[in-house]
Amino acid sequence: MEKKESLLKVENLNIEFLDKKVPQKVVTDFNLTIGYGERVGLVGESGSGKSLSALTVAGLLTKRKDVAIQGEIHFAGHDDFLFMDEKELCKLRGTDIGMIFQEPMTSLNPVKTIGWQVEESLRIHTELSKEERRERAMEALRGVGLSDTERIYASYPHELSGGQRQRVMIAAAMVHKPKLLIADEPTTALDVTIQAQIMELLKEINEREHTAILFISHDLHLVRSLCSQVLVMKDGRVVEAGSADDVFYAPKDSYTRKLVSAIPKFEREKKEVPQFDKGSDEQAETVLSVSDLNVWFDKRAGGLFGKKETMQVLHDVSFSIREGEIVGLVGESGSGKSTIARTILGVNQKYQGTVIHADAHPQMVFQDPFSSLNPSKTIGWILEEPLKNFTKDDKKQRQEKARAILRRVGLDEEYLFRYPKELSGGQRQRVCIALALILNPKFFIADEAVSALDVTIQAQILELLKELHEELGNAILFISHDLRVVYQLCDRVLILNQGRIVEQGTVEEIYKNPKEEYTKLLLRSAKY
Amino acid sequence: MKDASKKRKNYNFKIGCVITVFVLLFVLVGMIWTPYPPEAVDASAKLSGSSLKHPFGCDQLGRDILSRVMAGSRITLFAAFGTVLLGGSIGILIGAFTGYFGGILDEVLMRIMDVMFAFPSILLSLVVIAVLGPGNYQTVLALGIAFVPSFARIVRSEFIRCKELEYVRLARLSGAGNLRIMFVHILPNIRPVLLSSLMIGFNNAVLAEASLSYLGIGVQPPYASLGRMLSEAQAYIFVSPGSCIWPGLVLILMILGFSLMSDGIKTEVHERKRWKRKKVY
Amino acid sequence: MKQVIKKIITTVLTLVIVSFLLFLAFELIPGDPARAKLGTDATPEQIAALRAQMGLDRPLLERYVTWLFAFFTGDFGTSYSYSMPVGEMILDKLPITVTLTLMAFCMTVIISIPLAILMAKHEGGITDSILSAINQVIMAVPPFFSGILLTLFFGVLLKLFVPGDFVSYDVDMGKFLSYLFFPALAIALPKIAMAVKMLKSSLLAEMKNDYTKTAYSRGNDTSGVLYKHVLKNAFLPVLTFFGMALADIFTGSIVVEKVFNIPGIGRILMTSISNRDYPVVEAIIMMMALVVIVTNLCVDLIYRKMDPRITVE
């Protein structure tokens, strides 16, 4: 009778990969209980084994021959869930267990219509007629807050927006009214405002359909807003489990504490604007000024003979950055953030307006530390490249400078002779920062420089940026979608929406007292 | 499962290396020493099978087949090498410039390349040979031209992929000029793809040269080429099957070696790409 | 629809460019065809008269346009060596080569697709390993050598057919078709091997995509995922290959026709090249180009139909 109470019970789950020379244990002694209609969160950084555990719970890992799984899973009256044969498992998947994934674009089949995909589990598991299936699919689409369901039913995944696609994924998972919905990082690829909507939707579905949700995320903050119970995983082990508030406010494990403290919060340690030329703002030198910037893109339809269409991506963008200032530029994808960066750097030559900067060769730190370093060159070679091209330093001077800057970003000089692939993400991002600083600029751009990093690494890099800033006093244009990170680091903030700066001011001003609707929406979503 | 296939493909590369080294040794020895001069006639041994004196037997004129295969594979190898050198260098240049700069030049050149690419290389080289007349240099020239588009397309798509990568943008910020970015920053990174496509190109060149010579419009006598030997020996297939089999076997080994190696390289690249994608969060 | 029309216009344009380049190539051949035809002891007057008769004295562009129009109305010019219309020479040989091509192409498609699916399904197993190894070797065999081997094995050893005993289609259709079986197989073998390899790796790559995870999570078993989701996606890149293979087989038949002693288009082409009979060469190559370009158009249109993403771009 105890079984009735819990929908899912995982006991002592162990997962090993067998395809390496030495079997590699990826999940150790994993325990999890989910009651009917409960919302449980599973938190961990990349490589913590959280997704693997979830896949096992969905019965998707057992068919892989290179994986050894031990343990026990009880699911809705099936005590031998883990060792059920494939046929039986198929009957459960899509009926009692639904699953949604991180990347809604790649998780939907690109050559099938939305309707076909939403109906699929009905087609497999039920004897419903075509009309009935369609009716159910329509209902499911409406149930995830989509209007215009007729059009969406007939369209293909690429014709929808990211948020719509994730809603479709949810509709497809919910069409058979499963008892358990597993959501594997469902909002990571989405903008903050869309993320908030999806979270709201999940909550609503849980309350309406009484579907239990296993929510997997790297974002402890997000998990807390949705789930009552939270499990924290590190290196394949559950290090802490308990109610969401307990884990968040009174973490017992040292790793959880680290994780919680790494989350950028809406409270600032840094209360005041930096010391440089404080009080005499007018005298401070302007290192970058952008005025009335307008940028158009040519959108050419259909190759050689297509008509040229122009699309305005930036509308009258004006701002300036003074010496030693960190300015945040916040916007969602497609808002024109990157275009501003490209224009300042001189990569984009087609613009109207004026861009004046103090440095002859503005530098930038890119988002993805894995593609921003040339894989076929050593770190030393990469660091010397700007010196080779811009200065008359001889080899010895160049090497000396590279060594010095590397030490400054916290890396040993032995890294000079390593290749990028030998470095971790955080180390690579340090190299990128070193590269931006090697010419000793007054100002550089950081474009989503910490967005691709795990939250603990992200905290380290932010710390490094703060330190370097205090030490060297360069101005930074910090581009990000993450309001919390911006709040932590920046002095001033610009809010960008659809190519227009809708609001700008000091961080305190904007965050405490937003004037524009869009800013309010962003802040509300980010506090989710 | 994943592991098994990976292992097998690495195996592929090793087997390919062994075969290629074997064939190259065979050719190298043939350059210095052959059992008999390739054109020497032993009238008593016409169409004879394998024997101690003539391990591969003799052809219809009594020429030693082993010696002729050695000489012939050298010609085939050289012709293929010349073809890849010519087609590859022009193809890489065109691909690099069109891929990197894009624009009208790219549109026009690639339209032409697309049309050429759609044409089987044999057909293209037939046109060139029909115009220039048959001959050894003409063959290499004809095949070289016919092979430009395939290299150009591969290099172009790699350049298009790479030029949007962040390290290239970073290189631009580091002050590298266009030529420096193209040849110092990007080119080393497409080396594996390039190498593997050069090997496939080499194979296709061996095949195409053999086909042309078989048709009698490739390498001209007195040079022995594998294709020509096959076409001569085919008339005597009932009497002496060996004279057909040996040249063909060497041809197959030559192609097999390189195709296995190119496969191995491709797998390696693929694995590395997957590894990278997995790592990025 | 608009894009289809656009595609057709591009194809016609391509055709014009290709035909012009081809025409130009044959114009660049050193030597005067009129002199070549009349021999060295012809008087300048005779040559001039013949030049006027052959239309060689008119400007290049005009001659090109007349040639192109003549080509599409079925007038392919007159052979130098046989002094007979090229059209007549080609026409009754065309069915032989076309049959050979279609047979080989059908073999390629029919054999390669199920084989690739089988191998992908049992990836890493013994069947797959053995078939992959055989596949690798077959890919390395040039079609004319596979032709020789087939002759040797099925003709000389097993005596299933008599090499060289070709019967034309207007004499005995059955014998004609059965004789073409082994030549078609010889051309098809390397193509099958290549298609299998491509489709298999495409299938395996698609199997690793995220949407297969989704498909499994909705209750599909492996076959369901493979047939309902992966196959169509995996087939897209192979479609282009099949298009190119058709063109390749058509031109590749030249070589195999020689191996099996089949009097098709290939034989005329080879004789004409060695005789420097340019009108014939020009006509045959133009015809092959036409086939290649039209095949490409078809592939493109089918692709458009299969991949919904294309129409938007």
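Lettered A, B and C in written order, each chain numbered from 1.
Quick note on the criterion: contacts are C-beta pairs under 8 Å (C-beta built on N, C-alpha and C of every residue); 3 or more make two chains touch, one makes a residue touch a chain.
Note that this is a predicted model, so its numbers are computed, not measured.
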Task: Give the fewest steps needed to get from chain A to chain C, where each step moves from one chain to a chain it touches.
output: 1
Statement: Heading the list of chain pairs by contact pairs is B-C
Message: On a C-alpha centroid basis, what's the spacing between chain A and chain C, in Å?
response: 50
- request: Averaging only over C-alpha atoms, locate the centres of chain B and chain C and give their separation in whole Å.
  value: 21
- request: With chain centres taken as the means of their Cα atoms, state the distance from chain A to chain B in Å.
  value: 46
Statement: chain A touches at least 2 other chains through residues 304
- prompt: Do you know which chain B residues sit against two or more other chains?
  reply: 1-2, 111
- line: Multi-chain contacts in chain C, i.e. residues touching at least two other chains, fall at none
Query: Taking the complex as given, what residues does chain A use to touch chain B?
result: 18-19, 46, 64-66, 304, 345, 347, 361-364, 366-368, 370-377, 382, 385-386, 388-390, 421, 425, 432, 435, 452-454
Query: Tell me, which parts of chain C touch chain B in their complex?
result: 14, 17-18, 22, 25-26, 28-29, 123-124, 129, 132, 136-137, 139-145, 148-149, 151-152, 156, 163, 244, 247-248, 250-252, 254-255, 258-259, 269-270, 273-274, 278, 281, 285, 288-289, 292-293, 296
- line: The chain B residues in contact with chain A across the complex are 1-3, 107, 111, 165-167, 169-177, 180, 185, 188-189, 191, 276, 279-281
Field: Touching residues on chain A, where the partner in the complex is chain C
entry: 55, 58, 60, 63, 86-87, 90-95, 97-99, 101, 103, 106-112, 117, 120-121, 124-125, 156, 158-159, 169, 172-173, 302, 304-305
In the complex with chain C, residue positions of chain B that touch it: 1-2, 4-5, 8, 12, 111-112, 115, 118-120, 122-123, 126-127, 129-131, 134, 203, 207, 210-211, 214-217, 227, 230-231, 234, 237-238, 241, 244-245, 248, 251-253, 255-256, 259-260, 263
